[in-house]
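Order of writing sets the labels: A, B and C. Residues in every chain begin at 1.
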Amino acid sequence: MREISAEMERELVIIGGGPAGLAAAIAAAENGVAVDDILILEREPELGGILLQCIHSGFGLHRFGEELTGPEYAARYAKKVVEMGIPALLSTMVLTLHQMEDGRKEITAVSSAHGLIRIKARAVVLAMGCRERGRGALNIPGTRPAGIYTAGAAQKFVNIKGFMPGRQVVILGSGDIGLIMARRMTLEGAKVEVVAELMPYSGGLSRNIQQCLRDFNIPLLLSHTITQIHGKERVTGVTISQVDEKRRPIPGTEQYFDCDTVLLSCGLIPENELTRQAGIPLDPVTGGAVVGENRETEMPGVFAAGNVLHVHDLVDFVSAEAELAGAGAARWLAEGDSQELKLPVHPEGVIRYVVPQTVFLPAKEDVRLFFRVGQVVEKAAVLVENDGKVLYKGVRPKLLPGEMESVTIKAEALAEIESGQLTVRLEKR
Amino acid sequence: MSETVKELTCIVCPMGCTLRVTMDGDRFVSVTGNTCPRGAKYAETEMTAPRRVLTTTVRVSGGHLPLCPVRTKGDIPKEMLFDAMRVLDSLCVQAPVSIGQVLVEDLCGTGVPLIATRDIHSV
Amino acid sequence: MDVAVIGAGVVGALIARELSRYELDVCLLEKADDVAMGTSKANSAIIHAGFDCQPGSVMAKMNVRGNAMMDQLTRELSVPFKRNGSMVLAFNEEDVRTLETLLDRGVKNGVPGVRIVSGDQAREMEPNISGDAVAALVAPSGGIICPYELTIAAAGNAMDNGVRLHTGFEVTDAEFSDGVWTLTSAAGDRVQANYIVNAAGLFSDQVAALMGDDGYHVFPRRGEYLLLDRDQGKMVSHTIFQCPSAMGKGILVTPTVDGNLLLGPTSENREDREDTATTAEGLATVARLASKSVPSVNLRAVITSFTGLRSCSSGHDFIIEPSKKRPQLVEITGIESPGLSSAPAIAEYAVSLLKEMGLALHAKADFNPIRRPIPRFREMNIEQRRALIEEDARFGQIICRCETVTEGEIVRALHQNPPAHDLDGVKRRTRTGMGRCNGGFCTPQAVEIIARELGIPIEQVTKCGGESRLLVGKTKEGGLDA
């Protein structure tokens, strides 16, 4: 490993050593970047990111054809990074990112081991992941006692530290982490009273409703929310109310639940403070950078992948996306910008967003578009069009807001495009 | 015996297919809605003798972390999940532990081993 | 003891610091687990200019004097303080008349530089305020400060100069005999002192009654607030008020000294002195009225909401006086807004009262007014950061990502006067967990550091003392059969 010093230069710096950062690093190395020219910066003391606390199974079916737990999935990538000799600085927090006058990016980072370091990099992959929406952002009225945690914080306490945040639990939000923690807390002897979900549908995968809630007879209240938290020092209970179609609590529907703990699983927010600081444009819907099909942001040489770009529900797709970014960064370092036509991708109707937001032509490969819908849609055709010409049409039996969808546009179909934009829409069947 | 139809959510993979299972009393008859053969197998098992993979942690002594994540290498009867958790409460393994290492040969007489899902170094 | 001060809010802490200038044995008694746990914890964080108070009132004198003392005080205590200026908006003719009244009061109270500007002039100074504002009163001496930080710093500096702080000391019994007061706590601890200063805020009437003086009544006025993310912090530079009413100074929109945006408070008289729960209606009112002043404020950027309780008296003026019924006792009560702004002047005045009552004041030769602050890593440049990490590598370990707080700062907060005992104490001293993730990432690590530094098991770490334990036990310890 090249020496670590206070002032360094590298071809490629990868911010984040979770699944996205690791896959991007491997792909960059496999596509020609010398391993010594790559540096991964990871804030935790180990590589693997949030997967290390996701001890449940369900990872890797697409990638590896088998069902792995989070630590097992992370280990496959972390081992490969180590075997390939790609250097990583651990317990290192990136503080600033900005573009220098010569186009390079300057990164400052800090750790106990190396103090404050400054790195000049030609290319950067952003792989910082996401954070959970907290109580403040949810604006739940009531007292401010101990016992209110995001599901992920509770997961860290239970799975990594070995501590129980509580014994009688109410969960707000039916995101996957919340569902997984309902089962986990139950197995560890806690009583999960209820899961309340504001929306009329669950935010998590259907299989998790089955194996984490129904398996343990935990009720799921759709179109319900916590309207008051009770308890002075420690949580003593919550009031849950039904909400109307505009998500406003309906007076008279209040139910009181005793509990000592409230877990919040109300959505994830890409962590783009550095991205914003660097002046890289963000998509207000995804909360991540606006990117092209190689996950290049609008700042040349900066790429983004994984949950920092848009929130995924399967890590397999994070890895695939990060490989695009890593390979894209390698190609950019070797060739610079080469695309000629920039084709914006527009979501229409109930489609909330599409990633990538732009496709650069000529396309060398097939382009896969990832999207989410804003409401449950039964039986619909997904259409991708350019100037009224259909490039893709495929039927889906059911589309759920909690599950990311994708379509693949053939390179041949893209080759015929001369101008305009791509639109992605649904057609009811 | 009269036939009944029950809806299930398949948990074999993240697709979460909705399965419609036809039963004749306790006897499995047929399933629709699955998109793969594993779904059919799941439906039959789920309606007759449901099984689950257990993922949890066990205590480690002398390791760089206090706990090691583990899973059953294969599914175990669903009704045994809590029995297994109780047994594992008293298990403490010695570091180092390596990923894939068998920590319990036969968990609660299920015939299914319990394996570590990460490395723990000794300190 | 020469003097026991009851209540470690901003007033009590500053009195203790003022007394620590002299050769005296002083203790500061606080029923909570930390200082600044009552009104001083949750308020508008404003140093008012003083145009709002009735001329001739105690309030007016204390406010203007306290405001003027702030620069030197905050410099000595290393507490961030910014004179960002206050602006009161008028939306109609009646409001304009109110502004004129305020201007008149401001001039009479001796507020420097107070003036009325047109709506357009106001918008030139503050482009994001409402187009409906027709005029504004501007007071350049208004400022912003972190109220609990000031309290912590004052108590810490007092302790550095010999004052003893007893947290968890709730006075439940008081007796005067042979010229000496004996105070007994709920836990049975006793403190004897020649003089008592009652600065118990919301509970000052109850403490007075306990000491045999039932001549006071305090009623709490609830105010709910919304705190917004830093990305909203530059929405305005002045503190933007609406015209005041009988219930208070109205909803304000203000940057905080830490760079966030604060909206509030509502104003509601209630009997319960401990009800700091927020309500859906209250928060909705704050949001609606704040938008009236600054329409473009992004209410989705809320980081947290809280409720503060102001301690009001029926006379609507501060009461700072020797007890009329009991000896060697100074009563300080009814310290509602602008109590924070007035606190340094109240402290100065309270000490002068003690002197008049016979307390001998001999200046201490080694009194040090300067407080060494906890380093603020996030505010340093590269060279300062490198030097700090060189000195102690724990300043290289970031614990709170959102607010860039290091392990070194948390360790300091747990050992430096007045030491934090719990997670919220660490939070108030360092901003750990105060950012947009609400502590989601840093809480597990912060809890471990607290346990390690205090030498207690992790399960005993609390959020804010008492029964507020963060964790209920270990996994794998028979929870299934509990």
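Observations on the structure shown:
Here is the rule we use: a contact is a pair of C-beta atoms (placed from the backbone, for glycine too) under 8 Å apart; a residue touches a chain by one contact, two chains touch by 3 or more.
Predicted, not measured: the structure shown is a model, and the values here were computed from it.
Of all the chains, the one whose CA centre sits at the greatest distance from that of subunit A is C. Think of the whole protein's Cα atoms as having one middle point; the chain whose own Cα middle lies nearest to it is A. Computed from the mean C-alpha positions, the centre of subunit B lies at a distance of 54 Å from the centre of subunit C.
Note: centroid distance subunit A to subunit C, computed from Cα atoms, is 39 Å. Mean C-alpha positions place subunit A and subunit B at a centre distance of 26 Å.
Annotation for subunit C: residues touching 2 or more other chains are 475-476, 478, 480-481.
Counting only residues that touch two or more partner chains, subunit B has 57, 59, 67, 82, 85. In subunit A, the residues that touch at least two other chains are 160-162, 188-189. For subunit A in complex with subunit C, the touching residues are 6, 43, 91, 93, 95, 108, 110-116, 118, 131-132, 134-137, 139, 141-147, 149-150, 152-153, 156-158, 160-167, 188-190, 227-229, 232-234, 249, 260, 273.
Those residues of subunit C that touch subunit A in the shared complex are 226-227, 274, 276-280, 282-283, 300, 302-306, 382, 385-386, 389-390, 393-394, 396-398, 401-402, 404, 407, 436-441, 443-444, 448, 458-459, 462-476, 478-482.
On subunit B, the positions that touch subunit A within their shared complex are 8-14, 16, 18, 52-57, 59, 65-67, 69, 71, 78, 81-82, 85, 99, 117-119. For subunit C in complex with subunit B, the touching residues are 475-478, 480-481. Considering their complex, residues 52, 55-58, 61, 67-69, 71-72, 75, 159-162, 184, 187-189, 205-207, 209-211, 215, 313-314, 403 of subunit A touch subunit B.
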